[in-house]
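Shared between the two complexes below is chain A, which has chain B as its partner in the first and chain C in the second.
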Partner chain A sequence: MSLSAEREATTSEAAAEISGRWSSLAKELLATRRVVIGLAIILGLIAMAWIGPMLSPWGFDERDFTAFRSPPTADHWFGTGNTGRDVFHMTMVGLQKSILIGLCAALFTTVIAALVGAFAGYYLGFTDRALMWVTDLFLVLPQFLILAILYPVLRDQGWLVFVLLLACLMWMVTAKMVRGMTISLKEREYVLAARYMGVSHGRIILRHILPNMSSLLIVDATINVSSAIILETALSYFGFGIQPPDVTLGSLIAEGSRQALAFPWTFWFCTGLLIVLVLAVNLVGDGLRDALDPHSKSRT
Partner chain B sequence: MAKFLVRRLLSYLVLIFLASSIAYLIAATTLSPRAYFEQQQPPPSDQAIERQLDKLNLNPETPLAERYATWVAGVAVGDFGQTITDQSVNEAIARKAGVSLRLIVAGTVIGATLGVAMGAYAAVRQYGRFDRVTTVAAFFLLAVPAVVVAVTLQVIAVWINDVSGMRLLEYGGEYSANLDAGFWGTLLDRVQHAILPTMALSLSLFAAFSRYQRNMMLDVLGSDFVRTAMAKGLTRRAAMIKHALRTALIPTITYFTFTFGILIANATFTEKIFGWHGMGAWVVDSISTQDVNAVAAVTFFMAVCVMAASFLSDVLYAWLDPRVRVS
Partner chain C sequence: MSATSGTAAAEQEQTGAARGPDGVEPPVLEVRDLEVSFPGGRGNAGVTAVRGVSYEVRRGEILGIVGESGSGKSVSSLAAIGLLPDYAQVKGSIRLHGEELLGLDDRTMARKRGHAISMVFQDPLSGLTPVYTVGDQVAEAVRVHNPQISRAAAHKRAVELLTLVGIPDAERRQRSFPHEFSGGMRQRVMIAIAIANDPDVIICDEPTTALDVTIQAQILEVLKAAQRETGAAIVMITHDLGVVAGLVDRVQVMYAGRLVETGTVDDVYYRTRMPYTMGLLGSVPRLDQDEKSPLIPIKGNPPSLTDMPPGCPFAPRCPIAVEACDAGEPPLEQVGGEGHRAACIRAGEIESNSWTAHDVYPVSEIAHDPVSQVPREDRGTVLRVEGLAKHHPLMRGALFKRRVGTVYAVDGLSFDIREGETLGLVGESGCGKSSTLMEILSLDKPQQGTVEVLGKESGRLSNRERFDVRRDVQVVFQDPMSSLDPRMRVFEIIAEPLRTHGYAKDRIRSRVLELMELVGLDGSAVTRSPAEFSGGQRQRIGIARALALEPKLLVLDEPVSALDVSIQAGVINLLEELKARLGLSYLFVAHDLSVVRHIADRVAVMYLGKIVEIGDVQSIYRRPTHPYTKALLSAIPLPDPEKERRREHIVLQGDLPNPADPPSGCRFRTRCQKFAVLSEDDRSACREREPELRHRVEGAADQAAACHYADTEGSR
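The block that comes next holds the complex of A and B.
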């Protein structure tokens, strides 16, 4: 075999093996059973939340005056509430909102955390001290309390503002981790190379440092989805969360828990769905951590 | 090391001051004490409302900076002002802080100790039956919001009481009113009331800690220094406890600082659901009665708790990690 033919053979082999970041990520994920199961459950819940209301014979606001607080029947799959509203339809709409809140809040949280952490870790010095000080301050402020105090203002703002605020109070721990990783990443050759090529600081952070910790960010975003859903539930329980006419699983649980003994179907269906949702998200997060983290022990 | 701790303590004091100031400012702008007086029956006259608002330093007509200055001047000499019903906030704190502290301390100690112990043991026996059971339990508990845990415990308590035909577990209030049963009877009554709330609080803490400690322990178990410790003749148990667990505890302590805020929020839910008149239940009520001074005082209390936890973990950190002590 001639030398050039051999070289050609190796390059074509290498091209077949080396795949892009995203396709190798996808391959890694699909090989992890927990992630697949978790994703399947989440997709199932999403499908249920958006298709379910269409199948239900009852409307969201519709009341059944012949059946107040009726247990599950063929007509009302999850029973009816105090005012004769169909619990199945309300639960599905609540599930939609909870999923949306979880995803959006996690996305915002991770973006804030990545930016604050990366800038603090990259510049160090004064920027770092100032940003970390703000982080510490936010860590001291009890997030539940601040959201509860802000409730009179938030009441009339709609759920997106609420989600933004939720994100503003959840980013701190991730930011500290991102900062730690940035400090070690910024010494790497490719960052120095980019620096010597004259790439600006901001661009280095966005194009070189953050993509290189994408696995940490993805895992953390997943975890944040479940913490956002849980925090929203807690706030809604005390009436400081999403306001009617919007419903979430949290506000349904709040309503149901006061009569969990007498009318269990108003409590257990929404609670069960919430637990399944959070479990599935945590399952994905846990599996992702194992799949993406080269140091993870459970891989071996 | 003393210098390190003193420096941390100073920065904590500043953070506590800022946190309660921010809470005061937000509360003073968003809550409307006037609305509270206006909906009273019979409605007081405008002048009466005005007079009461001025007296309590709650009048929205007074510039925010002025109200804040009055509040800070009071706090500086240890006076948190008056509640909206014109009672001393200080007295209310004295009455309620103990309730919350008992709950938080008991919940933290039980939850964290059990979590760390079980997580570490599960790691040592990785993939054993104990490991599988605790992993599944912790995983499930982590997915259940604290509110649901508390309500479920109440449902279970009702069921247990029904089955046993006695009031074994109490799920409302901190103690029975007008109980006259001597020292032991009172103690028993308190314990009966305390079991469920403490459990509600420690369960979620246990779940988080056992997961985390298990992972940290797994990272350490394969290290050379653990092998060396056993090679030089230490028993497996001594090597695990003195070398592996001690090292694996260091990141857990940092984690403790981060989760303490969540724990305080959980304590709020627990108090409210089980009807304990602690700081957490007070703040939820104060927000609905538009009580600015009480909200600020509770934030101060919570910030102090978080900082005390951070300081505690600094001390523990220095104790566990020789590198901190030396430098």
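The block that comes next holds the complex of A and C.
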């Protein structure tokens, strides 16, 4: 009798309360205005960046010899640059790159951080000391100095290498956070249970530990997107970043800033887009953090 | 409240019925038709946690309110003291000395609180401010309501109060901070604060739930003393039917936000008229019962308060429910003796047929394990632990860590478990039972001693062999919340061990369904996530996972202590049944001796990393020989008021000593009740020589105790 004791008791009570973690989360997110606005802006920018160039009558390398440094007109929506290239087209291509770089760098950063942090926190002991030593090393090294030294080697390697470089400059703090979380998660009984049933350590990290901090990782990745975009801009501004013929918002700003007063359209459009992009990403990141962090929940 | 009892006649009836022996004295605290609801917010429905509760207490009276989690027992008393959050909606009336408390503003209420009415909570740490000394906090409580008292006088009173609640050397200890106190000590401080102003009512909300049994016994003594001292009325809220049995005058049983049975202790315990109360009493394993009878599990779960069935809230779980039960909520009506009321339409029938719990609840006998017929010596050894020790270094210093001592978590433990046997490992928190488990389960080489699982010695296995041994030893953890990965579906959880050990895909599917069936869960539920299950069901999932690989030995780490009693009974019965059916051996770790008596064949009692007494259940429980075992057994309250009143409790002094600095000789001597009455000459043996674990009693072959002066006479 005891065997059937609770058979019928699989109540629906809890089902109402937790209707799937993700769907309730999605609901919560969509109820947060910030997230909705941020997402809408980002989607708008993405659409603009990829569709915009197709609408523009001018090509990327095409020069309009009739209009050097022309202010915005019906022909050149954002005006033209020093050599007669269409600023609108260039800005859109730059926006594409910036978004791509931001997303990829954030992804790499989070992956590196998650792996380093989780392995250090899980194994502790020697692994931990070695990994944390590397992390600290990266934290204390002057980044711009390293970049200046590496610059000659890296300048011709293309933008993906640059993205990796960005990730290498950004993963440390997240890794430390992940390590802390791992240390507390690994004492959880379900992790112990997995260990005592013989699941290998690597699998425990991948199947139990990392999924259980996924919300943290998602929030962090989002915030990293905006940091990566800003860092990229800063590096490109100083000439360490993306090299011509590639353009990003950063390199466009660098170019435009020299003549910002005389020909403001070469500067203000790319800068404005950068600010809008970063703000939108931060809005989403903030909203996500509020929705995922149990401590920030308040009853209204 | 329901219509019937709301009428004037019933009202009169109630007051008349509840009149105490001295008749005329008005109640100190009177709660009538209390209703508490929490309005829903964003997506969750509103909850009515308390639905029409009435009670009153008089001076010097102790009222017990018993219920499982979610029954509304705590909410109703938080309402009385005005500590509910602002969004709670409270209806009805709460009167203190005839003065209405509901609707009073915060300031007035705060003045009443602590002065006329005070509260002791379950978790004493949250009630104390970490940055002030306990003496200051007690003195503060004294001064808040009597500002004219001088600082010095308040401090003097604080020391008095601390002495009263049994804090040794209060003059000195009052300068300590809360974190320097143990849980039991903190609870004493909370009681001191509660009685600082001679309150008329003290509400105790599960004051001993977080504490060990020996400490619980101390705290109950303190509460009794506090009541004698102040003459206050006490409202004792608890889930433990044992705690209230010997302590209170009247009991009220709550279920789903309502009172379902109230009356004097004897009426409720011996002339139970409500099936829920019967189930509750029958589901507690009894320390005082020799032969094993299966416990009474109440099937199902308490109803969700958001979606209450229309009739008797207990109807879905009630074995004698009839159609009429669903018609309307049965009112709380007089049955039998004066003041004894029950909310059950069949209460009269129960009375006239004098049904007991075993008549109401059909319980099948649990099949006997064929292995248990074979004498112990002839059965194979599943687990052998020999001289196991685990010492943690104690480090100090932030920058340069240096070793300042050693914590002797486990210190020379030896026992073995035979096929088909259950060994109960009991002891209070901090005795090293969990460390022992972890040492065994890790299958690493122990610091000292040997652990042999199925004849294979830990630490001498190749990785492959170790992996294979893992199949045979599985574990069920205490907390059903944290032992299942919240990110996984139930299917994934149960399939994990199978996948790890390389089962084929289609085999996994059928095995998972088979396991769900085995632990009494619906196979179709495997697609849900663990959060959708109740505690008892989750524990069943944990058991299913542990059984997946058909282990020989199951290590159970307090598997039922996080569950409500009625659910606990179901899980214990399941474990017994599985053991008999599958021929398992259990290592059952628990702090609850009554559960262990029910389930175990042999018991090992641990104290400070050592086994102080080991033997078969019958011998140990009938004739404990070690003073510590005796004290433990005596500290457990029985859910039987008659016996409880007659029992002499041995109340141990003090707390567990620091495991980094155990007393010399016998580790128990600082608290030993026997040591205290020994002559000075005899004491030196306890002080100087460590008693070894060996047979001490004639005729009890399988019983050994580690005490120089073990009791060899027959009685308890």
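Please note the rule applied: the second predicted complex is superposed on the first by the 273 of 300 C-alpha atoms of A that agree within 3 Å, B and C clash if a C-alpha of one lies under 4 Å from a C-alpha of the other, contacts with A are read in each partner's own complex, and residues count from 1 in each chain.
Note that a residue touches a chain if its C-beta (ideal position, glycine included) is under 8 Å from a C-beta of that chain, and two chains touch if they have at least 3 such contacts.
None of these values were measured; they are calculated from a predicted model.
Of the two partner chains, chain C is the only one touched by A:Arg188; chain B is not.
In the superposed model, A:Pro245 lies in contact with neither chain B nor chain C.
After overlaying the two complexes on the shared chain, residue contacts for A:Gly125 are found with neither chain B nor chain C.
With both structures placed on the common chain, the touch criterion links A:Asp136 to chain B but leaves chain C unconnected. In the superposition on chain A, A:Leu274 makes contact with chain B only, not with chain C. In the superposition on chain A, contact is made by A:Gly198 with chain C only, not with chain B.
Look at A:Tyr151: by the touch rule set out above, it reaches chain B but stays clear of chain C. Contacts from chain A toward chain B in the complex involve residues 136-137, 139-146, 148-153, 173, 226, 230, 233-234, 237-238, 240, 250, 253-254, 257, 260-261, 267, 271, 274-275, 278-279, 282-283, 286, 295, 297-298. By the touch criterion stated above, chain C contacts chain A in their complex at residues 41-45, 87, 294, 297, 299-301, 303-304, 306-307, 362-364, 441, 466-467, 470-471, 473-475, 477-479, 482-487, 496-497, 500-501, 518-522, 525, 528-529, 531-534, 536-537, 540, 542, 545, 549, 570, 573-574, 577.
Of all the residues in chain B, the ones that touch chain A in their complex are 11, 15-16, 18-19, 22-23, 26-27, 30-32, 139-140, 142-148, 151, 154-155, 158, 215, 218-219, 222, 258, 261, 264-265, 268-269, 272, 283-284, 287, 295, 298-299, 302-303, 306-307. Chain A meets chain C in the complex at residues 1-11, 13-18, 20-21, 24, 27, 31, 188-190, 192-194, 196-199, 203, 208, 211-212, 214, 299-300.
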